[in-house]
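In what follows, structures are represented as structure tokens.
In the two complexes below, chain A is the common chain; its partner is chain B in one and chain C in the other.
On to the complex of A and B.
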């Protein structure tokens, strides 16, 4: 007993756990790797053996107006969603962590509920509502849809760090003669900025990739996931692989930036 | 400070949900609703065999995917939290990428991998293991489960991991000192202390899987028809929004009741720590 405990914090040794861990990683990533591999295939078939590699599909999507306009729309939606989220969400995160008020648990549950509901129901209730209001479906309605889904995420991630914020620092700053405004910029802001930016990055990534809600509220325009959807339903189109890789690389870059800003272990659902 | 976001969520989340709910009591056809009250939508929801079968299918597939995902995630999260020293951030990076990114791409990936001329079949043909492509891979319940578990794994891994992180290893050591064997220590200390993560991980994956309307369309066959697609069709093909709404709310009720039942079972099994 004593000997096994001397090995460290972990007296239980299960040799299979590491192998299992590797297998799950493989299961999570081999489908994506396959798509990436075939996006460089010189022939249109998505099957082995691979005869040669080329950038043909990437060149084709880069000159395709459909792809470029979908990319533009995706970027517009993600940027607008993120901007509104940061502004409105930061205020909400500050309000939720600093003040106690009546009905606080009720209010908090409104911020959690949209995360727990499936996209299908969020999308359909928004669609019914827009039809009810007589609102025309557009990128604007897509932004609204994305906000309903991302705002709770933003508030969740941003409040995680604010809750551990030491209020003594603010009092110290005010004792040393700072006005409330100065206190905010010199004390609060530098401390909360990384988690705000981190939360913003998550929102951008979620919005850029959102499909389940977008599908119902988009109308006639297209975003990248919508383009992937319409292309893959028609036939085997190797350009879908290239667009998929663009989407995956985008989320990789965003999460890499995120990992530099916040401890990824803080990401909670 | 809350007011802008709260107003937004009330106007674009609560209100639409209420309107959507009211639709389930209204007569509708050809994409229009009439302000005329009816129970007909619920009547049809509970008496049409196709919908009942799809509802049951969704419940079954959701439960299977939820249980499978949670069972797969626990040892993974355990290893990630307590064992892995180097490369932990890299793995976490990979898990978070699959959480926020590429939902559709990953479903699509399975369709191309499992297809008749897809990666698996063409690879097996190439190396000579099989002579004819395996047709049972795609358009089957197995394909739906394989895809759902793959897509929603991070939704179970992260909550389980964050509850494992809060466990102080001293408690486990104390249990060992008091004579527990490793398994007993796990069952009496580690598992009860991480059950919140397990339950919420299961909750997410169960609900997300049961209400998925894309995966069954892309990789499922006729036998794995799920209610999400029937609901979607009421809105995009049939135009009967009232029926789509009643189907949605019955689905939601079924999901909530099933999840509550699971939580209750966990409490009966004395897995949840007493308050």
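On to the complex of A and C.
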């Protein structure tokens, strides 16, 4: 090598790493780019060549009552699921990290068990459970289903953060006059809040586009993933492209707003 | 004598089968700078945490200012703690950390601001109000922790190895500052450390702990000059501890490595008793040549010589033992190299007999 360089010859170097990276990016983003492209296509056919630019599909979904009600349902389910998940999950994580009790290892594994279960099985068993209880299928049962599915993720993230929490900070707070309640709100909570918010965003995203469990336990109403699925059953509906782009932009806006609210580097998942 | 500020009565605390503090009685006077000294695991930190309210004892009582606070939680005790690893709140600025307890007590914001400024001046960090805690050096962080604990004007300040994480230079500087601060504020300081030099240089009184009990208490000078046991002698300062046998009482004489010497008198010993003797390195006078047999001298050979600036530290082999010797050096003082034959002279009063 040294000799050839000294002679001024430059061996041709193939940038394998660059090529590999390009392929990964292509694989990840090309399908999304295609969807975005066709969402502006004036023709309903999803094939090249593109006929012309149009906002027709966006206009159609935005005036469609079916779409708007599905969007509303999805938002309701995701917001309620996230709120309950944050409350129950934070308390669970506190209990699991701060206290020793009988069967603690068992409780810990039961908490994360749903992560390992196939969604299909979860949906099916929840459905038979609700039927067994005589519970009417509704958005409420969807929220219950989503909680079973999202809570483990939340608890995992929150316990990981709390395990690393320096308990001496709590002692310092008590020493300076904090009651246990004040200690939590003035010291623990502000310090773990970025992690909690980060985990809450994940839960929101998981719930918002959850399909399998929802499919089994929703009854007569519809959420966005359900709507997209029903639109795709017969043929490829070009409005689906527009819905996808709307959802993508919405989640990017969500991440952007979040990054303005909290320093993303502080989110330790 | 000032009134008693902090008192423990037969205080015991176990963790599982480990007895950290065992039936310990301690009385700390108001305004005293008391240091609890001992190696790690001797129970000193547990004792401090019992006084601060971070642990509940299995037995015994804790009193602060005459009140039984044994089961009073930390936030209602008139004591504040400076923690070893600072424990500053990472989500708050320096000023918010220092003003934390005042804000809890709903003190007016303008008063908080002036008192925080005054505290930061006191710990020599003026202008640090707006800093974030992660921008501070170790020494600065510990000053902030100190200011945060002092702003409440507690009756007792508890310090748990507060300088343990700092460099030697900053540690020594902080020791002096702590001492000055104590003199200025006049509150009771209870300080925990495993560093005997630190304990000697800052305290009014030292409590040496061993296995959850008090091994000895007294002024730094008393403890250094009259250690109650080989444990204390070994732990406090540098020492030469040798096995010896009592060979005569009245006046007291002992046999050390085959030589008989008169030593500092002490009651309750009998001829033939096995004892330990303590000679501090600075009590041994080193000179060249064999022992003359006059006075108290031992012959030996230099094994190692370490130059320390104002002193030379020697290791001298005498018989089968190695003795530490500290020689003060001035202009023209002869020093000795490895392998040289030397003799060590000492006064009888510098030999202390210890019985464990």
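Operating definition for what follows: the second predicted complex is superposed on the first by the 232 of 269 C-alpha atoms of A that agree within 3 Å, B and C clash if a C-alpha of one lies under 4 Å from a C-alpha of the other, contacts with A are read in each partner's own complex, and residues count from 1 in each chain.
One rule holds in what follows: a contact is a pair of C-beta atoms (placed from the backbone, for glycine too) under 8 Å apart; a residue touches a chain by one contact, two chains touch by 3 or more.
Predicted model only: the values in this text are computed from it and were never measured.
After overlaying the two complexes on the shared chain, residue contacts for A:187 are found with chain C alone; chain B is out of touch.
Once chain A of one complex is fitted onto chain A of the other, the partner contacts of A:196 are absent, as it touches neither chain B nor chain C.
In the superposition on chain A, contact of A:156 is made with neither chain B nor chain C. Residue contacts after overlaying the shared chain place A:70 against neither chain B nor chain C.
In the superposed pair of complexes, A:218 makes contact with neither chain B nor chain C. When chain A is checked against chain B and against chain C, the one touching more of its residues turns out to be B. Contacts of A:227 after superposition on the shared chain: neither chain B nor chain C is touched. Contacts of A:175 after superposition on the shared chain: chain C is touched, whereas chain B is not. Residue contacts after overlaying the shared chain place A:24 against chain B, while chain C stays out of touching range.
On chain A, the patch touched by chain B and the patch touched by chain C do not overlap at any residue.
Residues of chain A touching chain C in their complex: 166, 168-169, 171-179, 182, 186-187, 190-191. Here chain C touches chain A in the complex through residues 52-54, 73-75, 79-81, 83, 85, 87-91, 100-101, 104-105, 148-149, 152, going by the rule given at the top. Listed in rising order, the residues of chain B touching chain A in the complex are 1-2, 4-6, 8-10, 12-17, 19-20, 23, 31, 72, 75-76, 78-80, 82-84, 89, 91-106, 108-113, 115, 117-119, 121-123, 125-126, 150, 153-155, 158-159, 161-162, 165, 169, 173, 176, 182, 185-186, 200, 203-204, 207-208, 210-214, 218, 228, 231-232, 235, 241, 244-245, 248, 252. Listing the residues of chain A that touch chain B in their complex gives 1, 5, 9-12, 17-18, 20-21, 24-25, 27-29, 31-32, 34-35, 38, 45-49, 87-89, 91-92, 94-96, 99, 107, 110-111, 113-114, 116-122, 124-129, 131-132, 144, 147-148, 151-152, 155, 202, 205-206, 209, 211-212, 216, 225, 228-229, 232, 236, 240-241, 244, 247-248, 250-252, 254-256, 258-259, 264-265, 267-269.
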